[in-house]
Amino acid sequence: MRPNERKFDELRPITINSEFITHPEGSVLITIGGTKVICNASIEERVPPFLRGQGKGWITAEYAMLPRATEQRNIRESSRGKVSGRTMEIQRLIGRALRAVVNLDKIGERTIWVDCDVIQADGGTRTASITGAFVAVVLALGKLIEQKAIAEMPITDYLAAISVGILPTGEAVLDLEYVEDAEAKVDMNIVMTGNHEFVELQGTGEEASFSYDELQEMLELGKKGIEDIFELQKNVLGDLAELIVKKEDKS
Amino acid sequence: MRPNERKFDELRPITINSEFITHPEGSVLITIGGTKVICNASIEERVPPFLRGQGKGWITAEYAMLPRATEQRNIRESSRGKVSGRTMEIQRLIGRALRAVVNLDKIGERTIWVDCDVIQADGGTRTASITGAFVAVVLALGKLIEQKAIAEMPITDYLAAISVGILPTGEAVLDLEYVEDAEAKVDMNIVMTGNHEFVELQGTGEEASFSYDELQEMLELGKKGIEDIFELQKNVLGDLAELIVKKEDKS
Amino acid sequence: MRPNERKFDELRPITINSEFITHPEGSVLITIGGTKVICNASIEERVPPFLRGQGKGWITAEYAMLPRATEQRNIRESSRGKVSGRTMEIQRLIGRALRAVVNLDKIGERTIWVDCDVIQADGGTRTASITGAFVAVVLALGKLIEQKAIAEMPITDYLAAISVGILPTGEAVLDLEYVEDAEAKVDMNIVMTGNHEFVELQGTGEEASFSYDELQEMLELGKKGIEDIFELQKNVLGDLAELIVKKEDKS
Amino acid sequence: MRPNERKFDELRPITINSEFITHPEGSVLITIGGTKVICNASIEERVPPFLRGQGKGWITAEYAMLPRATEQRNIRESSRGKVSGRTMEIQRLIGRALRAVVNLDKIGERTIWVDCDVIQADGGTRTASITGAFVAVVLALGKLIEQKAIAEMPITDYLAAISVGILPTGEAVLDLEYVEDAEAKVDMNIVMTGNHEFVELQGTGEEASFSYDELQEMLELGKKGIEDIFELQKNVLGDLAELIVKKEDKS
Amino acid sequence: MRPNERKFDELRPITINSEFITHPEGSVLITIGGTKVICNASIEERVPPFLRGQGKGWITAEYAMLPRATEQRNIRESSRGKVSGRTMEIQRLIGRALRAVVNLDKIGERTIWVDCDVIQADGGTRTASITGAFVAVVLALGKLIEQKAIAEMPITDYLAAISVGILPTGEAVLDLEYVEDAEAKVDMNIVMTGNHEFVELQGTGEEASFSYDELQEMLELGKKGIEDIFELQKNVLGDLAELIVKKEDKS
Amino acid sequence: MRPNERKFDELRPITINSEFITHPEGSVLITIGGTKVICNASIEERVPPFLRGQGKGWITAEYAMLPRATEQRNIRESSRGKVSGRTMEIQRLIGRALRAVVNLDKIGERTIWVDCDVIQADGGTRTASITGAFVAVVLALGKLIEQKAIAEMPITDYLAAISVGILPTGEAVLDLEYVEDAEAKVDMNIVMTGNHEFVELQGTGEEASFSYDELQEMLELGKKGIEDIFELQKNVLGDLAELIVKKEDKS
């Protein structure tokens, strides 16, 4: 049995609060079970050197955890003087995922900085970050539309992410919380667009491997979970949701 | 006139929420006007090398801001690969202030790690950090008492901090918010114990200087503001407040 | 048409030379098309602190490129003073993949350091690294058997990796070389064991997404390519190949 | 009794030697008791990016100790690869203090770099640095006047600093040497201008606190000590002293 | 007796392979006994800031060892986060040596980056690097001539290097391999031009000193060894060798 | 003509002051012309890990320049966060040179830290550092004898260093000052023991080379200069000089 009598294909309670922090152009506090992430999107009126003069924009993401987001306190990366491999991997993933649904040609020479700061961690922080960051980015782009800096919403589709995995019992489950993740033999993160296409698929056997059939089972669970999340994103975005034209479903 | 028609000797609204984050032994979200700081206190069952074997504990503090805590996004210190001078100055101040009211001889060979993470900044982040950190530390020590790891509350007095300053008009004011701080000619941080003694006094002329009389005026304002904060701390601590024996007032 | 008239499901020429470098316990130069990687496996007679006293071993990997492995010279990571996110991602991948087929309980308190140094790059350096590193690790473990330091080959199955992808034309192809990789809309790395189970599956849309059907097509191509690589590994290992007991095929 | 039968309100012998090092535009060796600091002021013909094009100058300070300035050898900060929090705190203090008396609008787009290198330490190195640095800066500005690069001395007043503190006996004393500083319960650094206004006031209880009356006592001692230092600075500056127009005394 | 019955004035077998790596403008794999170094020369179409606008070029060198180039694995300098003193010393030596024979005024505003990567080490890696790097640089300059970017070969003479030393027995020997180097009491590296002039001479007593006569003996051996190397370089360069005008012999 | 009408074989005025700094076990301020270096020798009662338990000692050296030791201000290495290649080269040289004349077997398990801090630079700072450091080390060892920590002076001979070079005119000169060094075509540093043996010989052509005859000429000049320095060292050491048994002259 999963903690809190959760079913194998059941998400933990999710909320997305868009009124927590006031300075950023877009900001949400996403909560999924015991995981809480502040996702801030900031608009900078310039692009990195490699893009200058091309009339095109950029999105980049940074990810961090407060030292005591976890059960045991972690050393702060600024104190260590360097960012860990895990952090780099995650922030590269978040940036790449967002770039797949934002039309960079239509945001002008601007950089969207996405900061995902985990203030409490209980599994699934990277997928929660992607899901929350998508909303923060749409809110920030909404500000640009409001200021008439851009004409239309440069988003090609919804974007959300969830984790799936295989427990030591061999059961495939949706949305692993920390105690499950720690002992799972396979851990997979799925990032999907509104039309059910994959943006990222990262499956990892932890000193283990997984079969073709197990893969199919996990993909099915993930698709189901992400559909629920799209609904929540839509509700939080309100009027802005109308501006996102979902692509035709290919699933 | 100050923003929001505040009087020269008036604090901004303060709240201290002790149920925001669940993992740390002690944790509060302190809000003062637009400034929001998560203060977490973690107990580690060992001390730094220079204290080993002396039966004595230690308190150390770290301070950071989320990149978008401020109006303009700041570069993350972990990305820069080093902690700024400002951050170091502040975290040394927080640790020193707390050590003045915690009896380190009575906490055993333990380190209390205090993490002050500013998630939104509008002036006074370092004083809010000290005020919130004091509560988080008492909560964490309360856990140790509950676990019978220590016998009594090893706190010698209350501790709170506030900023005061002198505006370009020459007027001394209490609790500067960001727009005031940016133009103030003098900025002073006062850290006080429950019996009205100073733990830290840091007054700085910003390309300016201040007279003996201006100093007295600021000290008076600070004392008044801190008294109100002690009341709030007491309310938040509830039963634990009973365990803190205030020292005789020397003011 | 692909460069050199390669078919969509055709590997580039691969060689694995196990007599290039003499100091390491296991060492190969793997060449796949224009990609050349030196994979060295070193045995260290101790484990990292988190494993001490458990009678268990560890495998860790490092990956680097010579500055001029690429068409344009890259700045050396030692000169930058830090390892890039891409490098960290790759070396974490290599280590994780190897740990899935080495029985760490049977190598004693030893660390196997795997160094993958790309001396010439033309796409697929991370998959070539995994494929070559597997051979280097088996050679190093063979030395331990020869020295009677361990009794049997602690390898649970073969391990190899290959890249697959989807070209802008929509065609799925096997083993992308650099010019293909640079323009592919989807890039996927597949790491598989001898019994056709997945150890890692990392698929990424580059400012694009991919459908469920495209995923299946890529998995099919990958499996086919990896089977050929297993044959080559077996030939290079010679007598040592006999010591590896392949697990039952689950595909 | 204090070491060397010093009275509670007595400075240690101070000398300021302005002919020790020849390259810098302004340079002094300041000695106060066993503390020796080389203070060099260098003129750079440009300002940091945030000031460019404003016709205004800047002053910045750096502070360091030789490894064996102290009784026990310290590790060199260049070997550690980073500057300590203490060093940062001190160099920020020195720069801020000097900026309070130099009219940055009148030095043109120039940066004055102040380097305070402690070659022997016996307490009070930061206050000695400020006192010596003020003289070095005036000497350097004198060179600019001589070269007709600026028309008049852009100094608004004298500047000097001293430490005061409270010994474990409860006695307030002036100018703490190392053995006193190590055991003092309160340590305060006072930076004052020629007209007796404060530029910086930094009082710190070391695991202790101090009362309002103790504060007043320390301020009195500090003012007395600094007056003597102004006399010495005036003598060392000779003709340049005539160019500094002291502001009206506000004390 | 030396290992492999080598005579005191005998070089180990040397080969220079110019077809090992394809991307760089000039590239060789130099092998001398058990020492193998990849020397790549890259042409960059710009110079460092201190040379801009002077119509002059620059040569700079970097040196590194693979972690397992040595009998014991070394920690990677990129993992340490800094380059060792030994590495810096060697790369400064290689760059300086090459600049002595390349006419920087005749290569235009270009930087030649020389990368010497030791893939297997058995003594004499720095001298092998210089010898191989010279060939790589000539090959790269040959490419510039071929592309008509420069008119003639801007090389003023041949350049090669070798180590000599004095064994504990007092015997002077040519070309020390690792086991000899480790116990030698004197170690000297000689870099010479084709006309027998010195470019660098670095002799070091290892907790020992050496006499004037011993110096002469080592210089004699070094000259003899380097003459043989010039022959090999000439053969490898083929037609390009014709373009190098050797200066008159001054020995 | 050389500056100040110096002859080609004439040293600049040298002084060695052993009473400048009081904390270190051995300390001198060495001045040669415009070059001033503080050389401190500190005794630490332990050795680095690689020597522990062998009953043997170690000497290590660090070298630095104050930012304004030079005509133009240099950025502080602690601010850069790393030590330059030049600094590393020099400090390795100083340590190696001293180890050649100190009998490490006779100093017990102690480390002698030598700190050479250049407070004013005018050429020859590395050779002045060696010459001064030798005196500081003998003074420090004298303290150990005084404390009866060691029985006799563990110095096998005198040690001094000087620079020689060849000017653009072709003339060989002794003891180059900065303006000469900047334009010299050859620069050589010679470190010698009291019996005229070489400890280090480092000759470098600066985009130039030098003949066998030029080498002999420089060696002759260097020997002459070093003889004068030995006399000065002897005078400064006073009674301690008697304890150094010079080895038989081999020149």
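First chain written, first letter: the chains are A, B, C, D, E and F, and each begins at residue 1.
As a working rule, a residue touches a chain if its C-beta (ideal position, glycine included) is under 8 Å from a C-beta of that chain, and two chains touch if they have at least 3 such contacts.
No experiment lies behind these values; they were computed from the predicted model shown.
Can you spot which of E-F, D-F or C-E is a repeat of the A-C interface, where more than half the contact pairs line up?
E-F
Can you give the whole-Å distance between the Cα centres of subunit C and subunit E?
Between these chains, centre-to-centre, one finds 34 Å.
Using the average of all C-alpha atoms in each chain as its centre, how far is it in Å between subunit A and subunit B?
So the centre of subunit A lies 34 Å away from the centre of subunit B.
Roughly how far is subunit A from subunit D, centre to centre by C-alpha average, rounded to an integer in Å?
About 52 Å, centre to centre.
Where in subunit D do residues touch two or more other chains at once?
Answer for subunit D, listing residues that touch two or more other chains: 81-82.
Taking the contact definition as given, in what order do you meet the chains if you travel the ring from subunit B through subunit D?
B, D, F, E, C, A
Under the stated contact criterion, what part of subunit D meets subunit B in this complex?
Those residues of subunit D that touch subunit B are 82, 84-86, 88-89, 91-92, 96, 99-100, 104, 157, 188, 192-193, 195-212, 215, 219, 250-251.
Residue numbers of subunit C touching subunit E in their complex, please.
My answer: residues 21-24, 27, 34, 36, 38, 40, 42, 44, 62, 64, 66-71, 73, 76-83, 87, 113, 115, 117, 119-120.
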